[in-house]
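Letters A, B, C, D and E mark the chains in the order given here, with residues in each chain numbered from 1 onward.
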Amino acid sequence: MCTDNPGVWEYIANWARKHSIWVLAYGTGCGAIEMPPTMTSRYDAERFGLRGAATPRQADLLIISGYLATKTLKRVIRTYEQMYDPKYVLALGSCTINGGMYWDSYNTIKKLDLYIPVDVYVAGCMPRPEAIIEGIIALQKRIEEGRAEGAKKYRENIEWYKKNQREVFGDEMLPDYTWNFEGGI
Amino acid sequence: MSTGMRIVDIIAYPFIAFLIGMLYMGIARNIIGRIHRRWGPPVLQNLIDVFKLYRKREAGSHGVMFHLGPIIMVTGVVTCLYFIPMLSDGRWLKGFSFDGDLILVTYLMVLGALGMALGVGQGGVPFGVMGVTRGLTRLIGLEIPYFIAIIVLMAHYNTASINKIIELQAGGLSNWAMFKVPLAFIASLFSFWGMMGASPFDIPGAPQEVASGPATEFGGKYLALMMSSRGIFGFLKLTLWVDLFMGGAANLLILVGKTFVLFVTVLFVTSVYSRFKVEQAVDFMWRYPTIIGLIALVIEMVR
Amino acid sequence: MSKVVKIFHGPQHPGITGNMSVELDLIGETIVKARTHVGYLHRAFEKLVERRTAMQAFTIVCRICVPEPDPNEENFARAIEEITGLEVPERAKWIRVLVLELSRLAAYHLWMGGQAGSTGLYTVPQWSVGYRDYILDLFEELTGGRVYHMYIIPGGVRRDLPDGFLDRVSDVMDLIESKLPEFDRLFFDNAVFKKRAIGTAVIDPETAIERGVVGPPLRACGIASDVRRDDPYEIYDKLDFDVITEKGGDVYARALVRRREMEQSIKIIRQIIKYIPDGPYRTKIPYPMNWKLKAGETYVKTESARGEFGYYMVTDGSEYIRRMNVRGPAYVHGVSLLEDMLEGAQLADVAMIMNSLGTCPPEIER
Amino acid sequence: MGWGIDLKGIVSPFTALKYLGKHPHTVRYPYEKKKTAKRYRGFHINDLEKCVGCGNCAKICMNETIDMVKVEGIEPKTGDSGLRPKVDYGRCCWCALCVDVCPTGSLKLSTDYVYVDEDPNSFLYIPGLERKEYEKNVGWTCETDLDSLLDLERVEMKIMPPDERVKTFAEAVYGYTVEEAKREAERCTGCGVCISACPDRMHIPDYIKAIRDGQFDESVRIIYDNNPLPEMCGKVCTRRCEFNCIMTHRAGKENAIAIRWLKRFACEQFESYEEVLNLQPQPLNGKKVAIVGGGPSGLTVAYYLRLKGYETVVFEEMPKAGGMTMAGIPKYRFPIPSLDKQLNHIKSVGVEIRENTKVVKGEPKSNNEVSFEKLKEEFDAVFLGIGLTQPMKLGVEGEDLEGSIQALPLLKAVNFGEKINVGQKAVVIGGGNVAMDCVRVLRRFGVDVTLSYRRREVDMPADNEEIHEAKEEGVVFRTQTIPVEIIGDENGKVKAIKIQRAEMVPDPKGGRPRPVPIEGAYEVWECDNVIAAIGQKADYSFLPDDIVEKLDLQWGKIPVNERGMTKVEGIFAGGDAVNWTADAISAIADGLKAVKGIDEYLSGK
Amino acid sequence: MSYLEELKVKIENMFSPEKCYFPKENLLSFLVSNSEVRGALSYLKDVEGFKHFVMLSCVDWLEEGKFELVYIVWHPEKKVNAMVKTKIDREKAEFQSLHDMWRQICTYEREIWEMFGVNFIGHPRLEPFILEDWKDMPPMRRDFDTLHYVNEHYEWREGREESYKPRDYIGEAFDEWRKK
């Protein structure tokens, strides 16, 4: 039923996807401290249809909130691969762009877009709730224009992503079944 | 009622329940939002969510049973819905009421949960399995006061047909079953909150403990099925309780009015209480609501 | 045949504050064996501090513990001052204590949200995180940053109080004080929460001291040990507040200790507003780019919202710190103590116990 | 579980429902915006004109967020490196240390904090050049001195108190102790902006860093790369570098890093430089270079050419080499032993200095005279470091009376120890360093001195510290006064001087304001001596006439190309006779330029 | 004589520490040989009453080729800290595990084993604690250069190639005739 025919049906689907983004409850970095104020009463991201999702299966948006230790990167990649197709990644803070404050630490990754496709970057050393909401609005615009095809990008150049991941993990790579499960109908 | 109109009536039945159910969940998120001192999402948010979930491109499936689980859940709920008359008089939305349908409805309500259990079993996620076991144990706790309440009702009106009960309650506020057998109503109210997933009893899907319980592994369109079935199931119980205790509804407006009042009580309870553990919930249910139910039963027998 | 199920209360889990994972072996719902796995937030602070001069390291230090960065800044600044003998003016000490107490209040509000959220009461986090935001507005006005203030600097504080700031502080204190009774009625007296909390995860006083428990969990077992009284730093000896203790030692006692300590913090802040002296707010450090620290060692500690936060620092005369070892309260609470307390507990209580012990994963692996 | 019903626990939570009717306290962000704090740390803004590209911000940043980059349209100039900071928001942690360490206060943070983009490479920008919209609302700034991280007070230099130093010629400035010097050296952020101001381009940050680390010998080695007379510069330099030090932007000229005194401190740590420098001059390569004039430029050429292997001979007219630093600068500023130490070092390298030998045109009359023509053939190259020896005349009536003398001969006499006959009261005319020396020397002889200068005090070319110390020593300053006539008594001695007050008239073309005498505003001051210190000219009498035209002098200065060669092939020139700044360090700079020129010229021939 | 000074005298004649001094007013620090650590700690714990174990830290004195283990304990009643320090060889880094005295020491030892490579004999559970699949040398040792490791394993974002140091840039821009 969910064929990919571009056209009105897809446009309506994008409209629905834009207005109901479920955020995965996963505080990967120190930016996670600005997620509660954004989701609770003072800034209330639920006005935009944002709702917390407990598991990757239910989530649409994975928020990488700051730096990523290599141990966390492995779990993030596995979580990202378990999420279902129209999935987006919002990268908060300078640590995801060029290493941030921990640029010289042996345990954090420097450029997030080497490992998973990222839709929107938000500047800030821990962006404020307003900046996060601005990031979400930018993500919504990108979804509406149908450009938020992170999953397709991941599938198409999977070798490049896996090569970068292998550089970090060495031979402790994730099992293959995490990303090429039959994906359902 | 020509066959054409009956077909329309049959088809319209679940969709009305779905729409009103989803609308209630949207309004619920707004009311709870106000209690949280925030604005809350637009009212149609749940409909948008369900539509988005249907339009997900992927939905991982772990085999046939996993695929059938949500379908059984929805069919269970919809068949149960058919046996509950939404509007008591008038030609529309009467459903297939017959003599013993109160007992049939009670049985069918459990069918959805069982179907879900099979699907989750196939999925193999420990959280899912734990969620289901919690759900079933909680069900045991909730069923007792509900059964007692129904027995009291049947004894009071000595009939097992929902339609008759509605008719017997006709004529003004005073002879609503709610006031006729108040203790039974209170006992059934506890199990009603439990089944609606109000806070002290929303144990199966507790995110902090078992990562959304049974729904852990379900994504995409399966989750959409589950959400819509939860919407219909919510409305189903509301109409059931309205029919049994609040004199049914003549037309759609009264139905919506009465169900909404009942629904608001669920919201108040869910937003102010923490969550029981499973054994605490069952223990609580077997203590106070059961006692109230038994007292109602005794009163009934004495009368 | 009781089958043991192994689940990861893993890094991705709505019930975890921060990013750690607890490997649980379950029979049904009771936990047989628990292992904490940390390292998801390891940024090698102590290695990075060895590559940064004192002035550069002061900015990275406050990132160690996210819910409450200020005890780190204050610890680091005081350790440097004690080693090099740098004099801090009186007003700077008062401002530091003001910042510490405000951050304690913000941390307690966040804790309250987490504790109530872990037991299913979603109204409390909405309120408490919302009111915490008023405190963050005060921080934004005072220090220029919401959560990471980078404000307490070796030698004092970076800027003076903006004018009219203290009355805004007292307004926010009035707001918070007026809201506390509401939290009592909704959460602390909540029958369901009491039923869940009373009697779970009990720590008796002897094992508490033996196992190195600090802060609210220790005070909940009836032992009055508070760094602000035992080893007073800055101007805590000049302020009057009392150390809260509770009997019971269970989740509920720990909740009450934190709840009543919020009132003490408000009392302290009001005293500061009344008695803060005038004068300079900073003595300049000799030279930011290349300040050679005198060789020496020291162990300083402050009372953070989760307990005694200690810094062991050794300097060797160069401008780089030889070794800075951070000892957060969660190091003990989150690893050895948590593993023992989870054995025999219910899966449903894991999130609640972790939150009541105040486990904050970034400070375990730094 | 017990049967007790906790009624309060069941009922009290419902009080939370009272918020149903209340207005939520949500900030509905995109529609309602919360006002950010005045002091918020947002994105960087920079004023490209005020910024001097010192790189402090790049140096303090531990995340290496800031790169100093070239910006087209901004060229390196004196006091500005021409680089501007470029910020990378893939690294920044918004700690604002860069703002607190910025000497000019040009770098600030705005209260804007929203920048969202899908391309990760767009998080780099040059504040002040791009994204100007942040400049509307300024957030975190660093105004007061206590806010700034820089160490803005200079370490106090102990100077002999005025009443004591007036009585003696001993050195007035005591110099830094080791501890004081290190603390002063610690203040320097090593940005190198001072190099752009120093005519000799000395490697100032490097030798200050050496002092900071306690390696004084390394510091002297670095100094000797550019300057053979370091102690002299350490005591009497005009300190152009200090006036362009980045500290002056916040703390004014008197709190700049004490570069001159640090150089003096480094040199004074060693009795002689031989064992420190262990230079091995190249073996003689047979070429000979004659240096006319033993001033700073001549000595520099001699020293470095000798190191390069040329045989160098210095012909000094005065009984002692050192040029103006020996003859002109009084001993309380630059004591003789310190000059001897440096001259001995230069001699130790192999430079031959023939004192008391004047170079003349045509035939030498006595044995301490040498003919210029003979020099020209005998030596492969000639360097003219003749300096300005002819003092200028006032050009007023009565100038040739007895008692009206020029400043230079007076100072020369004092420096060489001859007796001078000066009366009770004297008037010195002029505003340069020579005037200051002359005035303070006379004070040391107990003379009651008045200084008259045409323009205002702020226009005086003299060093502001000299002016300040002269005032302390009791000199009366009468600025905006022009000498009209010197009145002599009956037997031809100076009795008084008539001066006319003037007022400054701003130049219509925007140049420096000119003093215009006020009609009829005359004053007469009794005095026994009138000393003119209004500048000197070069004396080319020793050169044959054909060479003098070929040099084609402009306003008495010898034009030279960038290699220091005059228009006459084989003749080089430098020092006060060539450049217009006329101070010791520029002379040394010309010397260095000439060294390279001569080396290329001779190795080319 | 405050309690700490008495304690200092007692310690000096019992354990003959190499260095025993007060870094600050309520902190006693003394350096003992390897074998006396357990004795000193149990003396402090059982006899003196320093029941609260604060932390175990390890300082890497690369120049001396020594690791310095620092045991910090706190006296709840007397409100004072004591530091027992000992130096162990850096290459063959081994020490006895004291986890039987305080249970939480084994977490500290586990971290020091992972971060410094000190092998604790008799430790119940020496397994990776913070790092996962770490193949390089223990990272907290001073001879491990983290920037070198980072430049080897990760790449930087482009766009930042042009970067001058003002000191050198001015040197070239103005120093026309003398290159140093």
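Some notes on this structure:
We adopt the following convention: a contact is a pair of C-beta atoms (placed from the backbone, for glycine too) under 8 Å apart; a residue touches a chain by one contact, two chains touch by 3 or more.
Fair warning: this is a prediction, and the values are worked out from it, not measured in the lab.
Considering the contact criterion stated above, the chains in touch with subunit B and with subunit D alike are A, C. Using mean Cα coordinates as chain centres, the one most removed from subunit D is B.
In this structure, the chain pairs A-E and B-C differ in their number of contacting C-beta pairs, and the larger number is found at B-C. Nearest to the common centre of all protein CA atoms is the CA centroid of chain C. The distance from the centre of subunit A to the centre of subunit B, each centre being the mean of the chain's C-alpha atoms, comes to 35 Å.
Taking each chain's centre as the average of its CA atoms, subunit A and subunit D sit 58 Å apart.
The centroid of the Cα atoms in subunit D and the matching centroid in subunit E are 49 Å apart. Centres computed as Cα averages put subunit A at a distance of 30 Å from subunit C. Subunit C has residues 13-14, 39, 42, 44, 47-48, 51, 59-60, 123, 126-127, 130, 148, 186, 190, 192, 195 in contact with two or more other chains. Shown for subunit A are the residues in touch with two or more other chains, namely 25, 40-44, 47, 52, 54-55, 71, 97-99, 101, 103-107, 111, 125, 128. Within subunit E, residues 131-132, 139, 144, 146-147, 157, 160 each touch two or more of the remaining chains. Touching chain pairs in this entry, ordered by label, are A-B, A-C, A-D, A-E, B-C, B-D, C-D, C-E, D-E. Residues 1-2, 4, 13, 16-17, 19-20, 22, 25, 40-42, 44, 46-47, 49, 51-52, 54-55, 57-58, 60, 84-86, 151, 181-185 of subunit A are the ones that touch subunit B when the two sit in their complex.
Listed in rising order, the residues of subunit C touching subunit A in the complex are 10-14, 16, 18-19, 39-44, 47-48, 51, 59-60, 63, 66-67, 110, 113, 125-127, 129-130, 132-133, 136, 146-148, 362. On the side of subunit D, the complex with subunit C involves touching residues 1, 6, 8-10, 12-13, 15-16, 25, 34, 36-41, 56, 59-62, 93-97, 100-101, 109, 139-140, 146-147, 149-151, 183, 186-187, 189-190, 212.
Those residues of subunit D that touch subunit B in the complex are listed here as 1, 3, 5, 13-14, 16-17, 19-20, 22, 24-26, 28.
Interface residues of subunit A facing subunit D in the complex, by the touch rule stated above, are 41-44, 47, 91, 94, 96-101, 103, 111-113, 118-125, 127-131, 133-135, 137-138, 142.
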